[in-house]
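In the two complexes that follow, chain A is the common piece, with chain B as its partner first and chain C second.
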Partner chain A sequence: MTSTDNTVPEPLGASAHSTGSVQATSATDNVLLDVRDLSVIYESPGAAPVQAVDHVSFSLRRGEFVGLVGESGSGKSTLGFALTRLQKPPARTNGGNIVFDGSDIRELDTEALRRQRQGGFAMVLQSGMNALNPVRTIRNHFMDIFRAHGHVAAADREARAAELVRKVELDPSVLASYPGELSGGMRQRVSIALALSLEPQLMVFDEPTTALDVLVQHAVMDTIQALQQSEGFTAILISHDLGIVLEATQRVLVMHEGRIVEDGSSRDILERPRDEYTRMLLSHYADPRAEVVELPGFPDRQSRAASGRTRAESATSEPTVVTRSVRSADSAIVVDHVSKVYPPPRRGEKPVRALDDVSFTLEPGQSLALVGASGSGKSTLAKLVTGIERPTEGAVRFGDVDVTRLRAKGLRDLRSNVQMVFQDPYAALNPLHTVEYTLSRPIRNMTDLRGDEARARLHELLETVGLTPTETFAQKLPHQLSGGQRQRVVIARALASDPQVLIADEPVSMLDVSLRAGVLALLEDLREKWGVSLLYITHDLLSARLVTDDIMVLHDGRVVERGVTADVLRNPQDDYTVRLLDAVPNPRRLRGDVA
Partner chain B sequence: MTSTQNVRIPAEGAADGAVAAPSRWRSFGRTLGVVWSNGKARVGIVILALFVLVAVFAPLLAPYDPKDTSFERNLDANGAHWLGTTAAGEDVLSQLIFGAQISILVGLAAGVLSTLIAVAIGLSWGYLKGLSSEVVGFIVNLFLVIPGLPLMIVIAAYLQNGGILMIIAVIVVTGWAWGARVLRSQTQSLRSRDFVTAAQFSGERAPRIVFREILPNMTSLIVGSLFGAATAAILAEAGLEFLGLGDSSIVSWGTMLYWAQNSNALLTGQWALLFAPGLCIALLALSLTLINFGVDAVSNPRLREGKAKK
Partner chain C sequence: MKYIAGKLGLFVLTLWAAVTLNFFLPRLMPGSPADAAIAKLSQNGPVTEATRAAIEAQLGVPDGSLWEQYVSYLRQVVTLDFGVSYTFYPQTVSSMVSTALPYTIILVGIVTIVAFILGTLIGVAAAWKRGTWLDALPTLGGSFMSTFPYFWTALLLLFFAGYVLHWFPTTGAYSATTTPAFTPAFIGDALLHAALPALTILVTSLGGWIIGMRNAMINTLGDDYVTFAEANGLRGGTVAVRYAARNAILPNLTGFGLALGGVVGGSILVEQVFGYPGIGYLLFNAVIGQDYPLMQALFLMITVSVLVANFLVDILYGALDPRTRR
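== the complex of A and B ==
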């Protein structure tokens, strides 16, 4: 770090916390935040307590930009909330202390806490963009803060607000807008500017870009990095994505099950990871542009494809005895010059053209990736193919069935052949039904199996998706399963009717990195063993490279590029494809830059 | 500062992952536990339980037959008649005790019936789209815009002296529409969830989706609307009886008020005649409302956690 010339103690902090600064640890007055043995516990009535943060110790120097990485449930957000005193019951700090700028923040009373939000610590939340009051303009939001703390003279407030907005690369004209008139990325920038308006010494960013579109994510991260450098505040970036963190920060703390398992410079973590867990996280990153792409449990597709895509060759083990008859798909999905226009969202606006003249054919047994950022129309296409919605123009056919003309009965028949894997495994399972019930319904509705046969089929499905012992899993409710296990149940349900086509709408985007490879491998395996064709919808080019043969890039409802996946990704023609590729976080690219 | 924090509350999943198949009864017990752990709800449950016990054991508890007119008229409270006697010479305490039966019966029956109608109509209304939804909407709105009490009075006057069943019918007919509207909006938000789409992909038909997938996810809302409907029913019953639109020969809190008013109880200084049934009606309605605070906590875990601690 070079530009830490503003280490002069700011007068604000000193006056506000005159009470608790007896512990004179000021030998290193360079330290802004010192956390010692911090533990946070969740105590919900009627549930066993959960030690979310377990004896965590670290310290931050002024002006440092530190990443805090961990998968869901690792306690990283809990730690962030504890640091900023924003935690709520049932969370409770049950040990350790947090010394911020010389005073223990656990001892601040409510008023002192409120006062130190200015010039102290601030937090930007994942859903921060939704925290703006929809009936007040952005200007009002700034004025509220200035008035509450009175740190900006009334005459300068307007200018200061404009300056702050400009810092996050927005035009000052947004001050007059209402939150609803701004895009998600703009709102997240506004919430960063609001946090900045308090001139904090410490900023905690909790997944600031996760809720944003891939391309916007990148731009917002760039802004955060630039701001951190120009303003010189100390920052903690909490993220589940090691790739993003390594690209942005100088030092990284890796959290796992409530403990910090590794603490080192980004470079060290990238090149010499010491902890097993860090190594595991790192192994799940790869460059989709590379000649050979390999992930744990995922041999390179290219090498398999080279041998003429024969199934026997690609199978790692001897072909296992499959208990059901292997039937490969025999009908293609044909999408023929399809357009979809939605009525205008508000009066006086133009109708939304979600899809514009899209054509493709999904051959039996083929796997096709449909790639694009949000709003590119890829999910609309999935709805048209499955008959949930009807196209404005054009035709969708499955075999010789015209999907666009189907009514209730026909749709049921279609869905025994075309099944869907949903994006969010947490929302796609009814929380009140056991796995057994969930899986038994499609078996009952779409096959002739009854009684013992149906039960045998159910256990076979669970075995196929790797949920063994099947008797145990059949009795579980969704909340007793992990995200990856839930997604396996969703896949098992899709397979229950023995479909010819699987439509997977971002099947791994809600899952932790370490679980993704497993689910992707399962999809790939099913396609090879069962001959199911796969329409894989995603914004994540790395996973597209892993499980698909062909790719189609959608932008604003149009197909901008299509071809063999490996070719397109290694040699992208369209500018939009290049931008999507650049948005894939890849720590190894960083290594290339530094070297 | 920005504030909507989505702190990840470790769901039960983390804790009781080891627990094998949780039975329906256990989750029912846990729900009751949540309601009971709410202080207000606990008070409500105690009050309601008292009234129910009184109603069930009325023949044992009441000192006299409530229709026995053999006592001296217009007595003030004394050792033999704790709350005095009416203008017709009946024991007020015995009437009060027996009156609980009618109020609780009407509250329960009318509440359950109107909630059943509200669930059936609200859920299908929320699930349907297009013209059929518009038609249902028109009918529900019709019932919503007609002022309830006048309608009740008109129907009750038309079906003169139909007894307690008539009262229940009138309350049900006028009381289901609001619940239907509330349940419809919740159904609309649930129907766009992935698990409903997934059920369609599993080949489920509409009625099964509505009643097996969506309905169980709204249990606490339905229970809440049941308690709301029961409260309204108890109040409406007392109101109708007080206006003399019911069967004035039965003993209920409403008819007690009716006769007390007819005999100018306040002018004769017998305030207990008006006050006692009035207080009972208010307490019974209050108990149900208090229980609803606990039911709210079932559907919104946030309400369970209490105040922020350091």
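== the complex of A and C ==
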């Protein structure tokens, strides 16, 4: 009644037949969701309207588990929100219809839509960790839902809530907790249980595991898959990660620039991808355990090494556009039996041992991967090496310098030689400053270059990281750049002081797969041409395989395994390394093949 | 419980620090009340040592070491004995403060609480109905009203509602013909006298609460837990109150604490304009008359009221936000 949408005045159900949908005619009874020519537009005031979803049509049979894949900006989340009618201005549905269980949900008024949430469609949000009200207990979240719909008798509610929590593999004692007292994975499980409490026919999972740690991610996906099979709901899994989707679902829709470019069974998508975009996405997956690992623009390390170029040679013998200032001797970073203990987070708890007796040496020009799940201590180690924090025991040396004893001036010198590349290129750049300003600061602070020399250096840096024409890029603000371009600016900033060591903390984890290879290739290039050594911190074993010679696996602050990257990944010895490897999404491990 | 105990301990500690500062700060200043009085006298001719001693004795200028003075000061604070007022001799400071305090607390305190509750409710409604007239009216009106200076609003109300229309009395807390007592006649009379000052405070402070709450709530409305609550089909009222508003009010409590703390000290202008015999009026007269005992007691009152208000808000915060309890 309150609907202002310009819906098609055709009788319900007729539209599906008239558009001649193959699925609809072959198995009408079986179709749960039928989307025809759905379009969603973003109309922000003062900006050109963006057609985020453009005439999308597909239908879903009951019990199907379908993946919806695309990179950022493809419109996949917008589509998910439109399907569940959760979209908010400036997004607006401007065409098509969504027939769910026989009725067009675009015609429902607010109250009918609200009732429909029970036994209809439910959604689990992207950042499910923030999907819980911080001032209400988990029990109250369940009670709110039961009260809103009255589908569980008051006397049974407590038992039902406990049962639902058990279904997502949590202990019913979490019901008494506040969201802040649970871990990210637990919170995401709770929000899945809450969505389940609606007894929905359709569940839309919007990037349900993106914000979670690799191992947790894997466990939560397993739970979702098991629930889908036991509860029998129809599900849409929205993700940027084709690997996760192919592993979990039977059918995949690939979305690109607001359109569905491919719709097929998971096996067809994997083995016979028809669309170029799908092929591009697939090409960025590889098994880190394979003998030869290649990505587009990224030949295998071993084959390169076999072609006869050693790194030391290439650093000196190949004159490149950018010449590195002459250095008498490059220094190694030596981490010597280092431990770091943090005081207990709360009174009465035990102190946190973030690092436990870790030793390694990063030779000049070497690249070393530091892998582990979150909480393994890898970021703590980066903080110790850059002198941001001091170890509780042991020593960190850079050449002859004891990093742990440095004061202000010494730390400054250290930082002109040891630079960080941060994880989140969206947060690492000040949104109010142009690229030129961002890069001119470290040049001014860390080098003696001034005036024209400084300007020349700035353009040299931009060229090095592949942001050409440099004049254009220098004037841009961060929001005018893509994620990959921003990460290149962050790398250029790190290079400004002409460092000997780059510490890259998950430099590609926030980027779309199609952009990752470019940034990784840049890191590799810098090392070969400039002789920069690289400490590559990541949970992503594939990228570690691509850009590093050696690897160290951290678990609970201890080094559990180390060696040549290819050897360790192909033949892991420690149980934890194996678990990390198993958690890597692998399109080739199809849903059917897992069981 | 542990949380409250911790906050209580902190409260007692800051209270002691404030009381101590209140003792030492005036003693660090050059000159003394006696010097001031003698300087005034000396304009009429030379002042003898005897006169000086007499003035000091009259003012009760303390003798003994600083520590002895401090101990006796603490004893006075605990027993609420602040000596005798200079300007309203021989009334005691305590009796003057206790006469003025109820007027201020009832007038300004109640109005501050009402303004907060009213402003918060309007802010919630405005944010929930964002983009409608229910949002535009209070938001525009609120920002308009909150730009009025206190005293200007007070003068306007005095002029129109008092002098021109004769709806309300223009000065004092009660009519000269009544005597303070708990009778319906007196209470009605007092309320009538309080109406204009109350309206002044309400008009000037309401807008801030409305806009603060509206903006905070618009932020929480964009939070994931609100979207998720909608996705779960919770009723609109539940989403607005228990999810969005419940979280939006938390940052505003800090502002409320500051406002409550300002109740005792912040009413000088209003009370002055309306000749309302509260703490602000008293403080103004104490400063004009260089009434040191009275000033000292009033400053202490103001400090304590800020501390008490903050303590109460801390307790409230603990009750409303589980994250602070840990």
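Going forward, the second predicted complex is superposed on the first by the 538 of 595 C-alpha atoms of A that agree within 3 Å, B and C clash if a C-alpha of one lies under 4 Å from a C-alpha of the other, contacts with A are read in each partner's own complex, and residues count from 1 in each chain.
Operating definition for what follows: a residue touches a chain if its C-beta (ideal position, glycine included) is under 8 Å from a C-beta of that chain, and two chains touch if they have at least 3 such contacts.
Predicted model, so just to flag it, every value in this text is computed and none were measured.
Three-chain overlay on chain A, with chain B and chain C in a clash. Contacts of A:Leu125 after superposition: both chain B and chain C are touched. Greater residue coverage of chain A by touch, when chain B is weighed against chain C, goes to B. Applying the stated contact rule after C-alpha superposition, one finds that A:Asn133 touches chain C and leaves chain B untouched.
Within the superposed three-chain model, A:Leu198 lies in touch with chain B and with chain C [touch as defined at top].
When the two structures are aligned on the shared chain, A:Arg412 is found in touch with chain B, with no touch to chain C. With both structures placed on the common chain, the touch criterion links A:Pro90 to chain B but leaves chain C unconnected. In the superposition on chain A, A:Phe58 makes contact with neither chain B nor chain C. Contacts of chain A with chain B, set against its contacts with chain C after fitting on chain A, overlap at residues 86, 117, 122-123, 125-128, 130-132, 145, 191, 194-195, 198. Those residues of chain A that touch chain B in the complex are listed here as 42, 44-48, 50, 52, 72-73, 77-78, 81, 86-93, 106, 117, 122-128, 130-132, 145, 191, 194-195, 198, 386, 388, 411-412, 415-416, 419-420, 422-424, 427-434, 438, 441-442, 445-446, 472, 475-477, 479-481, 490, 493-494, 496-497. Only residues 1-17, 19-22, 30, 33-34, 37, 193-195, 197-204, 213, 216-217, 304-310 of chain B touch chain A when the two sit together in their complex. Interface residues of chain A, counted against chain C in their complex, comprise 84, 86, 110, 113-118, 122-123, 125-128, 130-137, 144-145, 147-149, 178, 180-181, 191, 194-195, 198, 346. Interface residues of chain C, counted against chain A in their complex, comprise 223-225, 227-236, 238, 242-243, 246-247, 250, 320-323, 326.
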